[in-house]
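Letters are used for the chains, namely A, B, C and D, taken in the order the chains are written, and counting of residues starts over at 1 for each.
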Amino acid sequence: MDYIQLAFDLLGNPWIRGVVGLIVVGVIFFSAIVMVWLERKFLGDIQTRPGPNRVGGRFGLLQLVADAIKLFTKEDIVPENADKPVHAGGPIVALTSAFLMAVAVPYGVVSFEGSEYLLAVTTMDISALYVEAVAAVSIIALFMAGWGSNNKYSLLGAFRNIARMLGYEVPLGLAVLSVAVMAQSLDFVQIVSRQEQLAWFIFMQPLGFIVFGVALLADLGRIPFDQIEAEEELIAGVFTEYSSMRWGFAFFAEYLHAIVGACLVVILFLGGWSGLPFLGTLFIPPVLWFVGKVFVVIMVMIWIRGALPRVRIDQVTDLGWKVLFPYSLINLVWAAAVAMVVS
Amino acid sequence: MNGEIETQINLKPSEMLLHLGPQHPLQPGPFLLDLVLEGETVKDATLEMGFIHKGIEKILENRTYLQCIPITDRMCYLASISNNEVFCSGVESLMGIEPTERAKYIRTIMLELTRIQSHLLGIGEYATDIGFLSMFLWMIREREPIISLLEMVTGARLNHSFVRFGGVAYDLPAGFKEKTLRTLNEIRKKVEKHDEIMSRDSVYLKRTKGVGVLSRKAAMELGVAGPAMRGSGVDYDIRKVDPYLLYPDLDFKVITAPNGDVFDRVKVRLSEILESIYIIEQCIDMIPGGPFKQGYNPYLIKPKPGEVYSRVEDPRGEMGMYIVSDGTFKPYRVKVRGPAFATMQALPPLLKGAYMADNAAIASSMDSCTSEVDR
Amino acid sequence: MNTTGELTLNMLKEKFQVTEMRVESPNRVWARIAPDKILAIAKFLSNELEFDHLSSIAGADYGEALEAVYQITAYSHGIVLTLKAKVPKSNPVIDSLTPVYWNAAWYEREAYELLGISFRGNPNLAPLVLPAEMMGEYPLRKDYKGYPNPT
Amino acid sequence: MGEVEGAGSETAKVRPIQKIIDAHVTFTTTSAIHDFLKKTPLQDLINWGRKNSLWFLTQPMGCCGIEMICTGAPHYDTDRFGIIPRCSPRQADVMIISGYITKKYMPALKLLWDQMPEPKWVICMGDCSISGGPFWESYSTIINTEKYFPVDIYIPGCPPRPEQLIQGFVELQKKITAKQDRTQKGDT
């Protein structure tokens, strides 16, 4: 692909790279705010209530700003017997892992003076592997939060987190691997361009999509897999002891993870920034395609949250090992076979 | 306080003592549930009540009979008409009077409306405890029309103080019948819809089937009450066993479910809502005219000395009241036998061996009312 | 009135020499029994007469004596048998019903802390609804000083 | 070393060097920043944020607890005002005392109150929490809430209607905007 080369040229300049990075961080941050707002509004719709509609106009647009101001100016309590560095580190590590994931995600291409530039902070030929690896760091973050709080609820949440991780990282990784096998690359850009050539991978390996989707939901800890923060069981799970902006960061990191997760779904299975199959891009810029797809995925996540009860923790691990793991293996075989036929 | 308890219980190194409460999102009111956990499994559970013990029995001894009625309301605010009814019917039998025919109808209708709204909230709280937040909010939404029906008659949303000795406080307002029928029709449709969701949703079924099983024999032995007991297959309903008001003549069936798990207890509640709607529809067409209360001066109630044990079927089960009169204006002794008290008592043995995550489902499927346990 | 309730009372009379008894209505009967016989009577009721449900245990304060009041009924019929046993206030001890009816435990705890009737044989006669420092005040007794609350 | 031998009090354990560090630290703690901000117009912005994000502690205690739950649910929906329930006291701003305070519950309630981070407010919902309500003369209730908590808003009623609770929140918002709430006045 010619634009990849161009992008590398461009990214060679540290200033441009830095600016792009800042922009991406800002956009991601902003989109997390949008997601929280969307969730409150859309969940309100599901639950037949209006959701925020007083703060900042009819649609409650400034609600999250108010929340952020409040959280920033609240008292910061660290429990007396907490393991203080670990306690403080939890949200920071979580946030960091989310941003580290975000840098490897390409968000589309822009055309400028006849040539196309890739919109990404950095590109690497193992970006799928890299994202997988960095995503695992967030699990450490949650464990740090749970362990450092010196609270029994948090500790239970942390243990659940580890149990869940053991069950889900494997199918998640295998689903990514199947995609990589089919695309014959671990590079997100290659994966997207391969989908442009063949078809979206959701059609090529629907089983893989389901496995990846479920495992991703579990990895993100959203309902029906929010056992680590199960309100009625563990109050606020690993974040029970967190107050003020420490909690805000943790909360925010969760949504950042959700957004990056949605991006991954789009890149790996929904054709990235490419247009619809058969119809093409319909004169809409690729970046908007990407954003639109991410939006749809996020809405589906919120919808699932509004429509399902929580699964029990032992059932979660059961599901991971007994259902998703075999299916992901089957899918891997299928992907390899299809890849051989296609190539 | 916590330290003391911890030293009393000898814990193995692999075990952990977890205090649920007094403030915990699982709870409809404050109570302290001490769990000994090994991993995620509950090894032992103890329950400490009394965080909102208000001394109602003592207060009732120091009030005149009429003044007692508002206090009985606040025993269990979700079933205040049942509480009124059990107190008033007890005093009525001490006085040797009967409510008027019209009052019987009005009371029956109000009792069933109370049952509907209490069950709706009970199911809602239960739904939120298994993480089904939307269902909780839908249930509250369904409950509001019932509340406004009750409010239309009694003027209050929760604590109605509606029943009087030999009658009721007010007559039914104009337009009550039409509004009730219309509302109940809507509620029936919605409850059937929710019933469908709850019997099909695979995640929900996974969470509830076979969880917290209370066998028929165990339920009878532990003496749980109401839907919790009927969910175990015991068709024990005071409305049939020891009928009061109009219930001997009404056509309704006692809802039971065979398995005694969490799913069945909630299923019983859902079906009871439909049954209550059916009962109200029977009554509301036949309300006779005539006075809605006896011509007593309610301020001068003075039953003859004696004692009585009256009981009704509260939304949560068998509600009994033991009233001793010494012939003065105030009751000599009132003892309340609450259904939630009996049900909560059975909670610790039921929790043993359950998963920590099932705690919430089991505890709230019993639909306890802390205020009534503590009184 | 020849009801099942009356039959029950007659059987109690034969077996346990119960003297004071009354049939109030078809579904409500009561009898006054000697406190030391309560356990035997409860066993007899639950094993042979199908009175398998303890509805409630109340206590009442009658000056010199405290009274434990048992409402025993069944899942199959609506007869409520009220048993009353007087115990002296100086030594208010009575046998616990927990060997017969499991759910007696909490009722007995409540009667113990509110009225001071001590139940011999209850596995855990700890305060249930009162804070630990209020134990021993027995607020439901008629001579209780803390009501109305001075604060 | 300046340490008093055998004394168990907290002050005795503080060493001189620690005192210096403490003095140094207090200069830069959040409270110092807050004191400074109070004198600037920025406080208005902060107050705007605070008043529009009053998260309350889920703690149903009685009849009012049920009405509190209903207030958060579809018919009334406090989420419109940015008011949402939180289960952990660490993340709550408002404690709604929604029912009877008993002698047994008081220590737990105090503990919950202490666990909440500043700034925090108390709303007394219902007659029971204001003055004991129908149970004022009972042997187990506490009727002078004012003695234990700096209450900003009293909502009478038995129980108050959900509309009243919302009105209570609106009044609290007004008090925060006008800097008349007890947290900002330092009247706690």
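What we mean here is this: a contact is a pair of C-beta atoms (placed from the backbone, for glycine too) under 8 Å apart; a residue touches a chain by one contact, two chains touch by 3 or more.
Just so you know, these numbers come straight off a predicted model, no measurement behind them.
Shared contact partners of chain A and chain B comprise D. More C-beta pairs touch across one of A-D and C-D than the other; that pair is A-D.
The mean-CA centres of chain A and chain D are about 36 angstrom from one another, to the nearest whole unit. In terms of their C-alpha centroids, the spacing between chain A and chain C amounts to 63 Å. Computed centre separation for the pair chain C/chain D is 45 angstrom, with centres defined by C-alpha atoms. One finds 32 Å separating the Cα centroids of chain B and chain D.
Within chain A, contacts with two or more other chains are made by residues 47-49, 231, 235. Chain C has residues 129-131, 139, 144, 147-148 in contact with two or more other chains.
Touching of two or more other chains is recorded for residues 24-25, 50, 53, 55, 58, 62, 137-138, 141 of chain B.
Touching chain pairs in this entry, ordered by label, are A-B, A-D, B-C, B-D, C-D.
The part of chain C that touches chain D in the complex is made up of residues 129-131, 134, 137, 139, 144, 146-149, 151.
Residues 43, 46-49, 152-153, 156, 159-160, 223-224, 226-227, 230-233, 235, 306-315 of chain A are the ones touching chain B in the complex. Within the complex formed with chain D, the residues of chain A that make contact are 40, 44, 47-55, 60, 62-63, 65-71, 73-77, 231, 235-236, 239-244, 247.
Residues 24-25, 27-28, 30, 52-56, 58-61, 69, 71, 75-78, 80, 82, 101-103, 105-106, 114, 127-131, 139-140, 144, 147-148 of chain C are the ones that touch chain B when the two sit in their complex. Every residue of chain B that touches chain A in the complex is listed here, in rising order: 16, 18, 24-26, 37, 39-40, 127-135, 137-138, 141, 201, 203-204, 206-207, 355-360, 364.
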